[in-house]
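One structure, pasted below without further comment.
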C-alpha cells in the first residue's frame, strides 16, 4: 500500500495537530501512523504522520505544493515529505573492518530494508571481496593528506551520479571534510566505537581499558563538522570486567557497533529521525 | 561459621596459587571460596581466598604473622586478611538528597550487610530526620571555603573515635580534601551521577541532556585526589529518550545511583574489590 | 499549576484526536501533554492528554459531565479524568520482607510521588517497625484458610474508611481472593519475583536456579483472578552466572523487585497506564 | 603459540587444583589461563586451564594418556583436552531465515573464529545463495514425517565424512530426532527465539505479544531430547512496548537471536563451556 510520510517541526501553537490531521482526513487520506511531541522548553512542536495515498484526493506530485501553501508557511514549519514508492539510495563507506558492512548487506540482501545500495566506497581495497559477494560496485579512493580534497570531489560526483540520498560510514577510518558534510546535512551516519561523549577520537577501546570502565558502548550519530559531536541517533552498551583485555573490548565492541549502526540506519530509512539543534527526535 | 578472607596481589610466578592453597590446606583450613586472576600484560597475580577457621591450626591472632613470614615476603605480596567476626565500620556522608542513604540504611536495618554504621556526617542539617528514623547518630559539619580544613579535621577525629574503616559518600556534595583522601586510601566510595568518564564534575544530568545522549549512567568509584577519576567499582545505565527533560533524567538517575552505590558498597563489605593502578579487580 | 488528565480508549475513527484537542483548546485549556496510540489490529484508539485548568472555561466539577455528554457517548469511549489537586490514596500490603516497602516509603517521604499512604496492611507483625519509622498506621490481619474471607472483608472495610484508591502488594505473600480483586479492578499492583510468564507461582528463584537460566527478572502487573497472569506494567532483568547460588539470586532479585515495583507504582500514580484486554498501554 | 586446553570436573577434594597446576608446571608448560569453580552444594570441582606447549616435556600425542593415568583416574575426573592446532569443524543447519547464518559466516570469513565450516545443511533450498556467496557446500535434505529417519541418517553420514565436531542450528525449523542428538551430546547448539523457559515451542513472538510482556529474549542452548529444555549457554533480552506489533517483535528478535547464537558458538569454539546436569559452567 503506497503511503506518504510527513515529518515536520515548527514553533508550538494551538491547533497544529488538528490542522495537519484535517489536511489528510478531508482529502480522504487514511492515517496509519501518527506520533507527535512538544518540547515544552523550546516551545517546538514535532510530528511524524503517515497516510495511505490510495484514495487521497491530491495527486502525489502536488502534495508538497499544497501542504506548503496551505500549512507550512502559515505555521513556519520545517518539513519533509517522503513517498513509499521512492526508495532512498544509500552509499556505504568502509575501510578495512568488515563486521558492520556484512551486517548492513545481510539485511539489505534479505530484504529487511526499503533501500537501494548502488555502491560502496573505500579508502582501501581490502573489502572488495565483501562487495563482490553481494554483487555491489566497489570503488577505491585512497586518501592522503595531499589528495583528500580531490578524491572527495570525485566521490561526491560518483554519489551524485548514483542518486545517493545518504551515506553510512561503516567504520570508515577517515575524517570527512567540511565540504562533503555540508553537502549531506543530517545525511551521513557514523558509528563511533565508544559511549559518546566518553572517549572521543581515535582508539576509544584502548582509552576505555586504561580508564578501567565496567561498561563499554557504541554510538551512532549524524556527522557534523565537529568530530564525534553530531546528533546522536542510537547508543548501546555491554558490560565488561577487569579480565577483558583491549582485544576482548574490541571483539565485544564489534557486536555493539554493528547492531547500533544498523538500528540507526533502519530508523533513518524508516524516516523516524528528526535532527534538531544537535539532538535527534526519534519517533516510535 | 567463622572464616578468614585473604586478598593479595604480587608479581606472577609459577607456584603461588599452590603455595597459598597449601598454607591453608596443610593447616586444616577448609577453603570455601577461591578466585584468582592473572593480568598477563602487567604480569601480576591477584587472588581472593576464604576458609573456615574452625579447625585451622594457626590461632586467629597469629595468621597474619605466619602468612607474612612464610609467603608474603617471599613472593613480594601486597595483601590483607579479614576475619568474619570483625565487622567493618562504615560512615555515611550525605548532603540534602535522601535516595541513596535510605537505600543504604534499609539494607543495613534489614540485616543484608555484615557491617556497622556508627554515624552519619553531613554538611547540611536537612537529613537529620532520616538518621533519626533509623536511630543513627547524625553530625552536622557545615563547610565553607574558610573552615574546610578545620571541619574535616574534626570529622576525621570523629571517624577515628568511632573506629570507622571506610566512608560512603551518598551524594555528598563537597569535594573531599587531599589530606582526608590520603588517610582513607581505597576506602572512600563515591557515587557519581554519570557514566564516567563522560560528564565529570557538576551537573552531569544537565550536560547529558545538552549532549542529547540516549543512555545515562551512574558510576561508583574509590575517591582519589583527582576529581571523579578514581578506580571504578561499578557502573550501570538506563535508556532515555528525547522526551525526557532534565528533571526526568534526575529522577531516572536516582534509581541508578542508589543501586550502583549499594552494589559497590556490598562488594567492598564482602572484600571482593582490590584496587590496583587506578583500576579495580572485582572477584566473583 | 492545577491540571486535568484524561485517559481514554475507544474504537478508532477519523477525527477523535481533533475532537478531544478541540474540546480543550476551545475552552481555553492549555495542553501540556498529549500522547496517543492506535492499535491498528484491534482498531482501538488510546489517548492520554493533560491540560492546565487555570483559564479553563468549564468548572472542574462539571468537566466530566460535559465531556461525557459531548464526546464520550458519541465515540463510545471508556475514559477516566483525574485532577491534580486530588491525590490518589494508596495502601501497601506486606508480609515479612522489607526491601520493597522501604523503597516505596523512602520515595513517599522524600516527596517524589504525588500520593497519600494512609495505611499499611500485613498478615504478619514483623514489619511494624518499618511502618513506625515512617509514622504510618500498620494493621495486622493474620490469614488462615479458615478466616481468610472474614479478614479480607475487614481489610476492605478499612480500605474504604481510608478512602484508598489502589493497593500495592509489596511482596505480600498471600493470594488475594476474587472478591477483593473485583473490588479493585486494575487497581492492585503486584510484584512477582520472576520474568513472567517464566516461573509462575511460588519459589521462582529456586526454579530459575534449577533451570540454569543466565538472566533473572522481576515483573510488576495488575492483579487479576488468574494467578500471576494480569496485565504487565513493567519488567526488568539482571544477568547471573553459574556461580550464583539460590541465595545470590534472591539477593540480586531484591534490587530488581523494588525498582520494578516502584517504576510501576510511579506510572500508575502519574496516570500513565491504561489496562486493555490483559495488556497495558504505557504512555510516555 | 600452540596451546593445550584442559576442561574437567570431578568430586571436590583438597589438592586437585595444586595437582593439575603441578602437572603442567613440572613438565615446563607455561600456564596462560586458569579458571576454576567449586559448586559447594553439589561438591563438584570445575576447571579450565590452558598452557603453551612449546617447551612442554610431554609430547602432544601422549598428553592425554599421561594425564589420564596420573590424575584423571585418581580424582574420578570427567575431562577433555583440546589442542589449538586442531580446529573444530562445525556444520550449520538452516531453513529459510538468513539473519543467523549471515552473522555466523561473516565472522567465519573475517577470521574471527578458530573453526572450519565444511558444509551447510538445510531442509529447504532457499538459502543456497547465501552458501554460494561464501563458497561453502550446501546440501538440501527435505524432511517429511515419512523420510525423517532416512534423511537424518544421510545427514549424519555426511557429517561424519566431513569430520564435523559440532552442529549449529541457525534457526533450523525441524526438531532433531533422538538418535542424532545422542550422537552429538552437548554438541548441537540451538537458538530459541524466546527468553526460555518462557514461550517454549513454536511461535514464541506471537505468544509474547499475546501475553503483553515488556521485554523479549533469545536463548542459545545445547539440544537435548526434551524440546527447548537443554543446558542454556547464553541469553539476552531487549525492551519492547505496547506499540510493537508481532512483526516488530520478530524484527527486534532477529538481532537478539544472531548475537546470542554467535556468543554461544564463540564460547563453544573457545572451549569455555562445560555442560553439567542440564546446566552450563561458562568459564571467563
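All chains are identified by letter, namely A, B, C and D, in their written order; residue positions are counted from 1 within each chain.
Operating definition for what follows: contacts are C-beta pairs under 8 Å (C-beta built on N, C-alpha and C of every residue); 3 or more make two chains touch, one makes a residue touch a chain.
What you see is a predicted model; the values in this text were computed from it and never measured.
S.K.: Among the chains, which one keeps its Cα centre farthest from the Cα centre of chain C?
M.R.: Between chain C and every other chain, the largest centroid distance is to D.
S.K.: Is the C-beta contact count larger for A-C or for C-D?
M.R.: C-D
S.K.: Please compute the C-alpha centroid of chain A, do the same for chain C, then give the distance between them in whole Å.
M.R.: 38
S.K.: Just curious, how far off is chain D from chain C if you go by their C-alpha centres, in Å?
M.R.: Their C-alpha centroids are separated by 42 Å.
S.K.: In chain D, what residues contact two or more other chains?
M.R.: Those would be 40, 241, 243.
S.K.: Provide the residue numbers of chain B that touch chain D in the complex, in ascending order.
M.R.: By the definition above, chain B touches chain D via 14-15, 17-18, 21-22, 25, 31-32, 34, 36, 38, 40, 239.
S.K.: Which residues of chain D touch chain C once you look at their complex with the stated criterion?
M.R.: Touching chain C: residues 37, 39-41, 195-199, 211-215, 217, 231-237, 241-243, 245, 278-282 of chain D.
S.K.: Enumerate the contact residues on chain C facing chain B in the complex.
M.R.: 98-99, 102-103, 106-107, 109-110, 112, 133-134, 241, 243, 251, 255, 259, 262-263, 284
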